[in-house]
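Below: a set of structures, written as structure tokens.
Look at the two complexes coming up: subunit A is in both, with subunit B in one and subunit C in the other.
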Partner chain A sequence: MSSETLDRSAGATRPRGAGGGSRRRQPALQRVLGKHPLGWLLSTPYLIFLAVVFAYPLFFAVYMSLHDYFFSAPGAVVERPFVGLDNYVAALTDPAVLRSFANVGIFLIINVPLTVVLSLVLATALNKVVHLRTFYRVSYYVPYVTASVAVVAVWLFLFSGGGLVNTLLGPLAPEPSWLINPSLAMPTIALFVTWKQLGFFILLYLAALQNVPNELYESASTDGAGVMRSFFSVTVPGVRSATVLVLVLSTITGANLFTEPYLLTGGGGPNGASASPVLIMYQQGLQQGKPGFAAAIGVILVIVVLIIALLQNRFAGGKEQ
Partner chain B sequence: MHRRTLITATATAAVALLALTACSGGGGNTDALTARGDITVWYSNNEFEVKWAKAMIDAWNADNPDEQIKGQEIPAGKSSEEVIGASITAGTAPCLIYNTAPAAVGQFQKQGGLVDLESFKDGASYIEERSGDSAEQYKSPDGGYFQMPWKSNPVMIFYNKDMFASAGLDPENPKLATYDEFLATSKTLVDAGVAPFAINPAPTSEFFQTLFDFVPTYAAESGGTGLVEDGKATFDGEEGFDAASFWKSLYDGGLAGKEQYQGDAFADGHAAMAIVGPWAVSVYKDAVNWGSVPVPTKDGMAPEEIYTFSDAKNVGLYSACKNQATAWDVLKFSTSEEQDGQLLELTGQMPLRQDLPEVYADYFEANPAYTTFGDQASRTIEVPGGSNTVEMLQVIRDAYTKAVIAGEGDLQEALTSAADKVTELASKG
Partner chain C sequence: MANQHRVPGQLTRGQAALRSIVLALGALVFLFPFYYMVIGSLQTNPDTSLGGIFPNPANITGENYVAINERINLYSGLLNSGIFAGAVVLGTIVFGILAGYALAVLQWRGRGTTFALALLVQVIPFQLLMIPLYVMIARDYNLGDTHFGMILPYLINSTAVIIFRQYFLQVPKELFDAARIDGAGEMRVLLQVAIPLVRPALVTAILLTFIGPWNEFLWPFLITKEASLQPLAVSLANYISTIASSTANPFGAMLAGAVVLAAPVVVLFIIGQRFFISTDIGSGVKG
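Right after this comes the complex of A and B.
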């Protein structure tokens, strides 16, 4: 604020074109490095990290998607011709790829709202629990930190044809059973992922709830608001920024679904009903040696997720965003 | 201006990085072919193979102090093939890997990760002398041997004798030769309640599962026809349809499980039969009172005429190896008659060596359980060659899971559609 004032006043008093060399160099340097050059120095490690771990792979994925690319041994002389948008055209006309995007759409439609609602409700409840608070919080967090490989076995036991869920349902059990039923495989995976990730999102909401002033609840109560009214009029608006974060994060992690269809439904079965774009990328890029095609799917996925995230931010973020 | 400068700088850096990466090609290493010295080898983590590999390495190291072998199990990963593929790209592949799947060899070759064994003066002659006519199916479609045929696990039907007896079936002479007999026996087993399913091959979508249900029965029914012959898919003919229909009948009748089973269905008594190779003998030895028969055919065939899938694992010599002359010598040493005998003794897996039953007559006499596998090893088919093998198998698997396991759509149409795609892939090399 003060430096801006000084700059403006200096500019106002200095005749145009009579500044001299040193006076002209300083603003040029400032234009490149900003007003606080030291900030760049401090940010450099993280910028390098971002460039190497995120930016470079992203750019390289775009490069791969535009070529007939495959991984080769160092020193091997191979041709990777430029193919333009061929990989994108192939991806967007491949029924298996299109189905995988539809599958993950179904997944997100179930998983994201369920995650937001359940994590907010449970976080609100946990925030009011007095006894065994730590026990409950840890209980919800344990599935999140447990390896999918381990818990998948439990879910396979629960949702198999002769599993606990079908035993409890008796004649109401679906046929074919959950994980081999084309209509139910993806919803079952969505439920599994919701359950597994819930602990993380509950923690996000719990942190956000600490920032909602108690005075607002007291005022609402004084105005005659009940529990539900307080929840919708105080809690929900109070954690709006956390809700946007939960929406975006659950969408991104959901769009990257891989482990569950790989393990729970044995590679995206039945008949590709639970195949996700990332699973197809794995099959095409690593198993079938077509990383260019896989990269095109990845780039499309990034664009789709960005659009969804922007829409979420636009509609759920409100004026605050 | 500030933002524009940053964007320009970022874009320049990105382009420079890409350009650097794109220019990473180079020439091969011909000097390595004649170089000698220490080498590293990887082997499977199967406990019996580990035992064989360690003994083989000790034997070599004792006689070759200047050319020592350092051995280790293949690093853990989703599959050995992915680990090997990554190590090729990173330039960290060892000299020899004693678990190279033929299905992946075409890709490894395309990556420039494998050495053509014909580069060695006695390469082709050694392989062909050892493996006989069966060596031909491991030759690259482009010519050359990029894998040493090593061992096979000819797939057969294992059955639980106790369960057969409990169901009132003859455990010593089970009726499993024809499709009708197999289906009737399966129904008897399930109806008797001795196991939830008669047989339970993995019903999942991974490409390699095709090799353990459809392919063995197709090989048997077709008399040893490969999935692709002369650049054309063959499995959409009558024999392929019959083999697929056989499995479809098992699934439709609830005799085979449509859900993946966590564990070993045969060992756990979840299924009365399994379709596996001789590696299973040592695994089931104390767990199940088992017997084995060849895979069934539509009208039944004499066992000595029946073909099956080889389930071979071969040895690759990798281009990252700096001492390839030593690696070639080790490869010959480890596939010598003596070491093949050790492999047979310790693992029960069949060396891909011609006249196997005659060469190791003493072993088969002492271990009659393996005799049928030894005989079967001479009648196997292999996966199609080339760099698109995995994609071909995935195409077949996708059609199979839909039309056979789930029973959706017309089976013949599914096979024809899959065959057309496989033929197209075969034409791409």
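Right after this comes the complex of A and C.
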């Protein structure tokens, strides 16, 4: 391969280095940067992007949560004293924050089992279908690719006091209606998110089902197992790693809830019954001007999600690897 | 041409019928709200009775589209959404291909770390970064109410970088070597050999990269307070949360806006659906 061409293009486009264009420099450059220094050049925009948009804000979030941070006029030099864990204490003793974490718990209790069961059942049914396969796949996936804001509009219409859902239920319609009922607001949001995300998880399971060896079904059938039996004895254990992924991803989705409580229940109503931690971060951090407090909620949220994800991995992941 | 011999796990007739019913019921549950969205957007008076499910010639109107356009200016909303999503697609294509190529084909120190970072950022929740990013971009850099401030955190889609890398890895090494022996420089190898070979990856990446920012609500909502700069998702959400009550047929206007917001992505998705089959693209689509 023509390393000369490579060196020239790398040397010509790379301004850094003291030696200018001397030939001696090239091997040294390669020793430090690897065989193809051009790789660095091509990745530089992406690395800068990661530094600016991910790495720096990550440290900044932790910094903010440990300081009495407040907004000031651009350019003004102000002192923002270190306050240790004060923001964390304030967050963890605030009833509204605790309520929002409990709401995520309610969300997960409804959303996670529903997602796992429905997506696995639909994926299994879809797996052996020949006709209309594409039609089903597309129709299951459409809610997932559509903007939350757009589908929230039609759910508001469906679940409003005099909406179609209550018309169908007739005398069984809840009073007060779904989204303004303190004990039903969060479950309705959980139902909405389950519906919206299900297509993604169906495709995830569908991919996992391709990796379950057919011989297992054959030997199960030889041993006299029926369809139901082989579903529980072969399919369910066979897609276990996908199930762990579904558990972790829906937990992350739950922790990140914002659009749904903001729009479906008019800002976490009624009375904070459907407020999510991210909604509180927005309200307290940006509307009330307490970014340190909000950053602390963010850090707590991420730690909680990490712990839940590790537990799920531990208990649902079984003894593989 | 039914299979005569018994295949293990094959369903009886009753079970097959049950499966069809489950699948059809699923399709109905997923598609009905979209159908109802369109019907509702065309009703003069919101009809929530069972009869309202079917189009009623006496109750059909295009007025709702006019009404929502008076409230939130659909054109500027669509334009801003287009600028936002278009710029992200452009940034991802240009910088993402460069990074993906470097990660797959070139050997350089730090390659493994860079790839690990691309995987790592997939799991960092945006919500943790939301407050510091807002402070940085809106307060420190004074980029609030600008397109650039809106675009910056999304400029390069890491999922697309990973997809590009995967596709470049599948290209046989000999093709690159042959081009190099013919005297092509690395940039020429990339532009004239590598990129034409990974066109399917390009389409997948464009589709999923477009949909993310088009649907995104939280970040543009934080960063744009000026109505003329808001993408459609933000202006429609503001309409839903604040001014809906002052419109004659709030549901009709709301659903009309929802149809306008959803239609481009749904159409794009149906056209490009075969590029969405693999699951590794899912995490790039949010909103």
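Simple rule for what comes next: the second predicted complex is superposed on the first by the 260 of 321 C-alpha atoms of A that agree within 3 Å, B and C clash if a C-alpha of one lies under 4 Å from a C-alpha of the other, contacts with A are read in each partner's own complex, and residues count from 1 in each chain.
Definition applied: contacts are C-beta pairs under 8 Å (C-beta built on N, C-alpha and C of every residue); 3 or more make two chains touch, one makes a residue touch a chain.
Keep in mind it's a predicted model, so treat the numbers as computed, not measured.
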Margin query: Applying the document's definition of touching, compare subunit B and subunit C: which contacts more of subunit A?
Written below: C
Note to self: By the touch definition at the top of the document, which applies to A:F70: first (subunit B), second (subunit C), both, or neither?
What the structure shows: first
Notebook entry, point to check: A:G266 contacts which: subunit B (first), subunit C (second), both, neither?
Noted result: both
Next item on the list: Based on the superposed arrangement, let me know which partner A:V299 touches: subunit B (first), subunit C (second), both, or neither?
Entry: second
Next item on the list: Determine, under the contact definition given at the top, whether A:L29 touches first (subunit B), second (subunit C), both, or neither.
Entry: neither
Next item on the list: Could you tell me if A:M281 is touching subunit B, subunit C, both of them or neither one (first, second, both, neither)?
Entry: second
Item checked: Touching partner for A:P176 - first (subunit B), second (subunit C), both, neither -> first
Checklist line | First, second, both or neither for A:V117, with subunit B first and subunit C second | finding: neither
Notebook entry, point to check: Touching A:S148 in the superposition: subunit B (first), subunit C (second), both, neither?
Noted result: second
Note to self: Between subunit B and subunit C, whom does A:Y56 touch in the aligned arrangement: first, second, both, or neither?
What the structure shows: both
Check: Considering each complex separately, which residues of subunit A are in contact with subunit B in the first and with subunit C in the second?
Finding: 32, 34, 56, 60, 71, 74, 153, 156-157, 160, 162, 266-267, 286
Check: Hey, which residues of subunit B end up touching subunit A in the complex?
Finding: 1-2, 5, 10, 13-14, 17-18, 21-22, 24-29, 81-82, 85, 88-91, 93, 107, 110-113, 196, 202-207, 258-260, 262, 319-320, 387-388, 390-391, 394, 398, 401-402, 405-406, 408
Note to self: Going by the contact rule set out above, which residues of subunit A touch subunit C in the complex?
What the structure shows: 1-2, 5-6, 8-10, 32-40, 42-43, 45-47, 49-50, 52-54, 56-58, 60-61, 64, 69, 71, 74, 121-122, 125-126, 128-129, 132, 134-158, 160, 162-164, 166-168, 195, 198-200, 203-204, 207, 214, 217-218, 220-222, 227, 230, 249, 252, 255-256, 258-259, 262-263, 266-267, 278, 281-282, 285-286, 291, 294-295, 298-299, 301-302, 305
Checklist line | subunit A to subunit B touching residues, read off their complex | finding: 31-32, 34, 51, 55-56, 59-60, 63, 70-78, 80, 96, 153, 156-157, 160-162, 176-177, 179-180, 182, 265-272, 275, 283, 286-290
Check: Taking the complex as given, what residues does subunit C use to touch subunit A?
Finding: 8-9, 11, 15, 19, 22-23, 26-27, 29-31, 33-34, 36-37, 40, 46, 48-50, 52-53, 95-96, 98-99, 101-103, 106-111, 114, 117-118, 121, 123-136, 139-140, 142, 152-153, 155-156, 161, 177, 180-181, 183-187, 211, 214-215, 217-218, 222, 233, 236-237, 240-241, 251, 254-255, 257-259, 261-262, 265-266, 269-270, 273, 276-279, 282-283, 285, 287
